[in-house]
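Chain IDs A, B, C and D follow the sequence of writing; residue 1 opens each chain.
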Amino acid sequence: MTELWYVVGFALAGVAFVFLVIGVSWLITHRNRGDGHKGRPYESGIETYGDTWGRFGLSFYIYALLFVAFDIEVVFIYLWAISFRALLLDGFVAMLIFVAILLVGLGYAWRKGVLTWR
Amino acid sequence: MTTDARTPNPHAALDDPSIFIEDVLRESIVEAVPVGRTERQAEFYTLRDGEMLLNMGPQHPSTHGVLRVVLKIDGERVVDIDPVIGYLHRGVEKLCENADYHQAICYTDPLEYVSSLFCEWAPVMAFEKLLDVTVPRRAEYIRVLATELNRVASHALTMGWFALDLGGLTPVLYSFIERDEIMEMLTALTGQKLLFNYMRIGGVNGDLNHEFMSRLGDWMSHAARHIEANQGLLNENEILVRRARGLGVLDEETALRMAVTGPNLRASGIPFDVRRAHPYSVFPELDFDIPTRREGDCLARYLLRIDEVKQSLRIIDQCLHQLPDGPVMARVPRLVRPRPGRAFAAVEGPRGLYAAYVISDGTDQPFRMRIHDPSFVHLQLVGLMTPGNLVADTMAIMASLDPVMGGVDK
Amino acid sequence: MAVSDRALDPVGGSGAPDDARAVSFTEAATDVVEAIVVPNTLWTPVDPAAYGPGTAGLNADITHLREFEASGAARRDDARWSGALEIVPTKADYLLDLIRANSLWPLLSGLACCAIEMMSTATSRNDIDRWGMFPFRASPRQADVLIVAGTLTTKMAEPLLRLWEEMPEPKWCVAMGDCTCSGGRFKRSYSTVEGIDRIMPVDVYVPGCPPRPEGLIFGMMKLQKLVVDRRGHWPDRKVGPTVPAGL
Amino acid sequence: MDRALRARLERRFAERLTGPVHQRHDETEIRIRPADVGEVLRSLHDEPELDFRLLADLCGVDTGDRMQVVYHLWSATTADWLRVVADGLDRESPRVPSATFIWKGAEWMEREAYDMFGIVFEGNRDLRRIYMPDDYASFPLRKDFHLADDASRSPGLGVRPMEEAGAPVDATPATLLRRSGAERA
């Protein structure tokens, strides 16, 4: 039963942390809005030319996909690294297989020429 | 061409709840792309679909000073580029027309502020031609010694900024150590840290002193070793070499057509160096060679500057050994009134041919003082070399051309 | 060194300069030096006709900070509630000033020769990272201090002003170099703004052409003292140009 | 002071020179009409015995009553700098053919001459202001554009202290012409 309290405690702490930080910063920061320029988009000091809500190329999307894939991999490795001492050899081999599979994915992407910017 | 964006925003301050945030921001996003008055402007500011105009504006980590570059980009690829300068235009030529001949040196000093001894030497040499003054040999040797030191300091900075623009943060610290040591040495000689104001019409301000000689001795002992260490840090660095090789290639014919001079020209294979092509001062007596490379890409320009530093060390060594005795200042009247006439004097600066063209009309103020700065001409190469590369490569190309905005904007 | 306008100092009276005494929080900073005003009889500003009639040589959209301060909209730095709770921001600022003073992040922007000296101040020989000022933030949204280093020209005045306004409060401005403080050796040119305090508020003036890194470091320490001595009195800071009258 | 260069120039451009070839120290100066700029520069650049391949500098000059455009060239065949002066542009609408068809690098130097003097270079693809903001009304380096406190308006009686208290003496047209008159025509 106590495990349940741990989970609830962690959830509450997470939510409280987020709102605490935003609340305190809203409480003590300045409300000086400045004149029209404060809200203007920053482009090294010059007005932006044309409409900056334009469409972006496909290659950005592919890069984002690759990044997400390998970022999630890092999350799993991180969890594994914490309990590495308890997992002994079989845990190590399991992680090697996991990483190998992902490297195959990277190799495929590399061979397909996705990494060179088009 | 004052667009409506110039008038202050008619809306009340942003916190007026009645205004929905999107409206104000959309209102402020300016549709007013500048109207194309000249042929080049019209061609640049017509956007095909998928293209976007991006400002790498006057305040940007990688533009060396206040250079603004308008990029027309399609995703990550740069389609076209239009450098906009003038953000540091201080009107030096007009000020020199209202200043005495001695004071004109003060105005030209902060032009190419990274190598300010060269910015003094060109006008001073032009005034000496107008006055037909012969500078004593000791002063000429001290001038060559001081300017070569300034060249080493300037090239050290260039190497640091080149690595910084390619992403390396620590080489800047190494290059500033080297540069600060030389600056302290030149401060001991001239009395000022960055804008030396050391050269006078007819010679130099003061003779060599012990403080300068001892610091020079210490520095010369470990200068070659430091350069080797800095090179080891950068030359074999795989990232820098792969990014810089083959980027922004400048062939011989285009370099001559674009009136390029200095390291950027010599990196394309043409051994034009004003010290050899049009010898001035005591350079005919000094023996040094002009390093040239054939590839003409960013890496060649970077490596060429390291070779030039080695040549400068050789020149400094020879100057110290052949330093004659004698006065350091010729007899020049306090009130300088040269004959009516014109004089053109060119000096080989760290960035190229730095020249001063002076017209005098017999009064004590120059009638017209024209300063030719090499970086001003080299910035046109950015518009030539960047289209087709990625956005990140524009920094590498601009860093390899190494513009100094004080000289570009005069 | 720190020529700050009378209006900046909430507590009047000019006590003895207290550099010798340790910084104590109890009594206000009273070493405000009377601004030395030299009436300008030598020259009119830049050729007035160049920027169109009636703008006294300065572009219309560089001087809008003066109108913005006159319009009073800048003064509304109040909290969303009133009464007892209103003291929260000022008391918080009172505490946070110490933290702000020791982590002043400058904006990565240099105009001319002083920028090289500013870089030299930031690198390892004389290092301002020792006082927490190192990360030169590239975007004004993350910067605290705007160190203006170099000659300000009329073409660059508008971008510089935009950068200044896009910086979040509390923000300070250090004018580094003679050209920035008062136009310097290019004062009589047709295209320079004679001193940035004609268009924006300046807290610390660092003279020198270029000022040695030690000079800039001394200026930044004066700024730290200014921040700590201000003790949270933010609402009445000047928003518009702080040029002494008559210059 | 390269006598051979002087002879070659006089032989090659006998009828196009509007004045004698001046030589002093290490500079040689020839003066041509603005209309001949394109043809003279082309022959200086292309002919092998002249071979002036490098354009060192291009600048505008306002001599009070007329305008000039000055080109400085370098060649391996001579030890001198060659200065080509396109003289006689009238002040109201100075026009001269552009040098960008030989040296594309002259584009920005011509833009600067246009920005500072108003000299229009026909054939330059991109002739707009380079230093001053686009809506700037006047051309700063012309002789009729005076700085706020213009010491040059006062006759150069000696080394005048720049910052003399009191109003500066206004430039009478006479002082302007006296200065330009002193300069060799």
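Just so we're on the same page, a residue touches a chain if its C-beta (ideal position, glycine included) is under 8 Å from a C-beta of that chain, and two chains touch if they have at least 3 such contacts.
Everything numeric in this text was worked out from a predicted model, so none of it was measured.
When you take the mean of every protein CA atom shown, which chain's own CA mean is nearest to it?
That would be B.
Please identify which chain has its centre, taken as the mean of its CA atoms, farthest from the centre of chain D.
Checked the centroid distances; the maximum from chain D is A.
In whole angstrom, how far does the Cα centroid of chain A sit from the Cα centroid of chain B?
About 42 Å separates the centre of chain A from that of chain B.
Between chain B and chain C, tell me the centre distance in angstrom, where each centre is the average of that chain's C-alpha atoms.
That pair's centroid distance is 30 Å.
Take the average of all CA coordinates in chain A, do the same for chain C, and state the distance between these two points in whole angstrom.
Their C-alpha centroids are separated by 38 Å.
Averaged over CA atoms, how far is the centre of chain B from the centre of chain D? Could you give it in whole Å?
Roughly 24 Å, centre to centre.
Could you say which residues in chain B touch two or more other chains, in rising order?
Each of 8, 13, 15, 34, 57-60, 86, 89, 91, 94-95, 98, 409 in chain B touches at least two other chains.
Two or more other chains in contact with one residue: find those residues in chain C.
64, 73, 76, 155, 159-160, 163, 188-191
Multi-chain contacts in chain D: which residues touch at least two other chains?
Residues 131-133, 135, 140, 145, 147, 162.
Which pairs of chains touch each other?
A-B, A-C, B-C, B-D, C-D
Would you tell me which residues of chain B are touching chain D in their complex?
1-2, 34, 37-41, 85-86, 89, 91, 93-95, 97-100, 103, 129, 254, 256-261, 272, 277-278, 334-335, 340-344, 346, 353, 355, 357, 359, 361-365, 367-368, 370, 372, 376-377, 379-380, 409-410
List the residues on chain C that touch chain B in their complex, please.
60-61, 64, 67, 73, 76, 107-113, 115-117, 119-120, 123-125, 138, 150-151, 153, 155-156, 159-160, 163, 185-186, 188-192, 209-210, 212
Under the touch definition given earlier, write down the residues of chain B that touch chain C in their complex.
That would be residues 6-8, 12-13, 15, 57-61, 65-66, 86-92, 94-95, 98, 106-107, 110, 113-114, 116, 157, 172-173, 176-177, 179-180, 183, 193-195, 405-406, 409 of chain B.
Help me check something: in the complex, which residues belonging to chain A touch chain C?
Residue list for chain A touching chain C: 27-35, 37-38, 40, 42, 44-46.
List the residues on chain A that touch chain B in their complex, please.
Its residues touching chain B are 31, 33-41, 43-57, 59-60, 117.
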